[in-house]
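Consider the two complexes below, in which subunit A is the common component and subunit B and subunit C are the respective partners.
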Partner chain A sequence: MKFNIFTRRSSWALPYALFLGFFVALPLILIVIFAFTDNQGVFSLQNFVKFVTQPEAVNTFIYSIGIALVTTFLCILLGYPAAYILSNRNLNRSQTTVMLFILPMWINILVRTLATVALFDFAHIPLGEGALIFGMVYNFLPFMIYPIYNTLQKMDHSLIEAAEDLGAKPSTVFWKVTVPLSMPGITSGIMMVFMPTISTFAIAELLTMNNIKLFGTTIQENINNGMWNYGAALSLIMLVIIGITSLFSDSEEQSQNEGGII
Partner chain B sequence: MVKQNNTIIKIEHLSKSFAEKVVLDDINLDIRRGEFVTLLGPSGCGKTTLLRMIAGFLQPDSGVIIMEGNDISDVPPHRRPLNTVFQRYALFPHLNVYDNIAFGLKLNKVPADEIEKRVRKALKMVSMTYYEDRDVNSLSGGQQQRVAIARAIVNRPKVLLLDEPLAALDLKMRKDMQMELKEMHNTLGITFIYVTHDQEEALTLSDTVVVMSDGKIQQIGSPIDIYNEPVNSFVADFIGESNILNGRMLKDREVEFIGHTFECVDEGFGEDCAVDVVIRPEDIYIIANAENAKFTGTVKSCIFKGVHYEMFVETDKGYEMMIQDYNAFDVGSTVGMFIKPSDIHVMQKERVCNTFEGKMISDTTVEIMGSQFECLPCGAKEGDDVIVRVDFNKVELLDNKEDGIVMGEIEFILYKGNHYHLTVLTDEGEKVYVDTNDIWDKGDFVGISVSSKDLRITKRV
Partner chain C sequence: MKKFFAQTYLWLLLALLYAPIIIIAVFSFTEAKVLGNWTGFSTKLYTSLFSGGVRHSLLDAIENTFTIALIAAAVSTILGSIAAIGIHNMRGRKRQAITFLNNIPMLNPDIITGISLFLLFVSLGVTQGYMTVVLAHIAFCTPYVVLSVMPRLQQMNPNIYEAALDLGATPFQTLRKVIIPEIRPGMISGFILAFTLSIDDFAVTIFTIGNQGLETLSTFIYADARKGGLTPELRPLSTIIFVTVLLLLIIINVRARRAARKQENI
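Coming up: the complex of A and B.
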């Protein structure tokens, strides 16, 4: 076969490999190169030194992680009961209800956030930190509900019966069986919520009238102002944090790969 | 009364329906302390529903479950003094073997050192010592089953419920586990309620077998009673192999079937009464000398089954009989046979023809099974309530279900030596019984039709 490069099955993967190379690997390499060079293109650690020595940047970074943690925590607190009710055959039998909860995921995040701003204006609620957290939770809640709903729905119902049979009252069944078994869904939900919230900037801009800066905002401002090297260094720091989170959840999911939408 | 005190669970008039379908229909059952009771029946007979109701996972529509004198019908499962071994094991995947078994004990606040002692003892009982720290997902099916049993018995329940616990195991493993379960029952001395569809398993393990079908108890008895004295053709067909034949009780101790008259031991059926006759294949003796035999036949097939040969013999009057014998007889050869009087089991027929309640629509149309059938003028007028009888062999089954007047699904097939006796369930949920020579499969959809002259109509009063 002369032209076997086109007929071999492995060559079908070529377009995807090219896509990955150009749009994932190359930008990542560029970020690393930019982060470790100064604006003359010479190797340097000055971007990182700048980050560590500038209290403003570090504070924004810590504040962003704080906001992301609060958002994730609130999403679990609100999302878990919602997912539990949706997956419980005695409480909900309709697929439409599930759809209604998932539907906001398909609407553009900016549209939703602008609508939230309008709503706050209409109700004369001042924008600020409270509005920011509300907006974050509102935007990311479906990403928490869906993976948890998925694991709960796939859970073997006889396990709950087994626990009841062994003498567990309903609350004990919930804490000793249902919650531990839905951990893959919770982990998946945390990843879906925590990671994007660290890098969000649009929500923060719109819902705080640009008064509160998140880490994503800092990166965006630096890039916009031509500070590519510093912006790249900040992006790299964020990527490392995200990378650490995903490693942590990977090891948890290895045994029970029942995750959600990712 | 002594016997009353000995009853641990008493079930009275228990009924349950799921969306119009009756799953349990007026179940009454007494279970004695320490007894090994098996609920046996084909899938969908209600046996698992009954077990789940005893465990407390399902609420009865009516009726009560009494345990040691107390009505437990409304007691939630976690407060019932019984434990279940689930069909798919239902081990907690997030706990190791030790924590799975200790789950119930920890909930009951048993001291830690006693938990450890009891878990080890339970593991030893199911031959799983040294497996405490293993992840349950790494165990084989048989090992998981052992852990599931240990998890249940470690709580020392008064009654152990087992829902087809061995169904997922391979044959060899199943046989071993059967023996171990029986031994465990003897050692523990607690009551076992066991659900299975495997009749051999039921006969091997049980003190008492409860045969169920269609949400009703068909027969309760010891394995020997159930096997030797089945009360109806369903039980006879379900338990072991059997030849079930139409017969006629001529007088006491004399029955006619397969075109011959036999001496038997049954009495009290009256004279000239239609009956079902059950002959176990091992109870028909083949003798080489055909002249001295009661009846003769031709060997149609002969298959080696390990211990015995299984033969199908066509008798001189055209009936097919299954016979098991230690000796093989050549296919095509003529053999003589006889049956001992005590091996002939005579049963009352449950019905001799189809009986429907209906209503006259006009002089020549009658409505039965929710559809209109043409009939001959019979004197009944429009609007009269009537009883319509149709002989089994007068019901026509059609391949194309749209061609019939009523549609149905074949639910049960019984071979009667020279014809099939089918139970057909109509879309309206009525049962039609059909005698036919055609071969149908269970689950086939058929059209049902009856010619106008075969509807025997009488007025209902």
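Coming up: the complex of A and C.
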């Protein structure tokens, strides 16, 4: 019998299954448990009541969603043309420019943020909301360009030629053919930008010299100050928001567009 | 004309993206404590970065970052590859369940992964430190290894494995001589991915590193920035990191292009 366990290769996944149960499933269950208990471990809704009744927390929450939306929108606005140009053979032939856009993704996010702060200091730009949004766009723009570039590259170009042959104007071709076909790239770009912006903590602190607080910072402060239950409840709220976002993009079917960067 | 505008747009955007990095690199060659003051060319910051001395816990932080990444990447690669072989041979609901669990760390925002592991460790009463950081990194790196090994297994001809067994090889020999050579490229890219993810990580690390004085590069930079003044030696360090990454990417790219050209010629 023992021999059988080793030869059945499906049982090779067993150690990892146990590992996942302990280090992935259990910790998430703990977030839920902590969120619905008070610090004595008794079931209670007080954490959520506290969130709803505290204007500061709710405001930070709404503000963070707003910042994340603006960042995501700006990333699409700046990133889509870039991805389009990069993937278009008539406009760009160099692989090097493509690489240059991907390169910042491989640099530690804190180093990049510090570099941005340095730039603002250097140009005597005050560190406030504008700096925050610019810094976020700067940090996450490559994550928008890359997936869009990928889908545009895999796109069937005969469709565009067909539209042109049938007499469509260039702008019509762009809006009716290219954009709809690149939707999977846009949605996975949105996921890759919106989710990290809404959940970052250190970046906002550094970019605004602690003047502007985002939701991630609120969560981190609570955890650091020993308010584990409240922090867990806030994390759960964030998870729900992210769950909703990913449901929205799942329906757009983005799976074919995933793939390693290496 | 259109091409000219397109290229101008690209290069303007690139200039914007790279401006901060370039400023850091330029000012790494001057001694001034405050960034933006040019007090003449000097490589003092580079030498003081490596000579240790007063506050170069920075070097310790770099060392920790690399050893943690190495351990985490090595363990993830082994754990993930074995798991991928197992999952590949699973069917039905079990397979769905484990794939679902495997996807969670990749979809979860870092802060949630960090907090959930923090709650696990405090619930167990574990003192947080080196061990907990390594475990946390293995937890969020392994799914990526599984994901990069799986396609290799799917491409593999299942008959080779059966043939090896029929010819009298033990399952272990088959693993070593047949399966591993087939999935090696996936294991390597999984390892590299795990390594870079671990080096880059900040959010998970900060929640699992505890308060025993252990620092990685990310937590060091964070603590330093919160104190207000930035250690000037971070400038040469960021420059070195940037140049290294740039060179690595160029090498990878050139090799990939050469390989592609070779294939075309065949």
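As a convention for this text, the second predicted complex is superposed on the first by the 248 of 262 C-alpha atoms of A that agree within 3 Å, B and C clash if a C-alpha of one lies under 4 Å from a C-alpha of the other, contacts with A are read in each partner's own complex, and residues count from 1 in each chain.
Assume contacts are C-beta pairs under 8 Å (C-beta built on N, C-alpha and C of every residue); 3 or more make two chains touch, one makes a residue touch a chain.
Given the structure is predicted, the values throughout are model-derived calculations rather than measurements.
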> So, A:Pro126: does it touch subunit B (first), subunit C (second), both, or neither?
Replying inline: neither
> First (subunit B), second (subunit C), both or neither: which does A:Leu114 touch?
Replying inline: second
>> One more residue to check, A:Lys169. First (subunit B), second (subunit C), both or neither?
In response: first
>> Going by the contact rule stated at the top, is it subunit B or subunit C that touches a larger number of residues on subunit A?
In response: C
>> Taking the superposition on A as described, I'd like to know which of subunit B and subunit C A:Pro55 touches: first, second, both or neither.
In response: neither
>> With both complexes overlaid on chain A, does A:Ala82 touch subunit B (first), subunit C (second), both or neither?
In response: second
>> Which residues of subunit B touch subunit A once you look at their complex with the stated criterion?
In response: 55-57, 76-79, 83-84, 86-88, 90-94, 103-104, 107-108, 137, 151-152, 155
>> Quick check: in the complex, which residue numbers of subunit A touch subunit B?
In response: 156, 158-159, 161-169, 172, 176-177, 180-181, 183, 255-256
>> For the complex, give me every residue of subunit C touching subunit A.
In response: 2-3, 6-7, 9-10, 13-14, 16-21, 23-24, 27, 35-36, 79-80, 82-83, 85-91, 94, 98, 101-102, 104-105, 107-113, 115-120, 122-123, 135-136, 138-139, 142, 146, 148, 171, 189, 192-193, 196, 199-200, 202-203, 206-207, 217-218, 221-222, 225-226, 230, 234, 238, 241-242, 245-246, 249-250, 252-253, 257
> Can you list the residues on subunit A that touch subunit C in the complex?
Replying inline: 6-17, 19-21, 23-28, 30-31, 34, 78, 81-82, 85-86, 88, 90-92, 95, 97, 99-104, 106-112, 114-119, 121-122, 138, 141-142, 195-196, 198-202, 205-206, 216, 219-220, 223, 228, 231-232, 235, 238-239, 242, 246, 260, 262
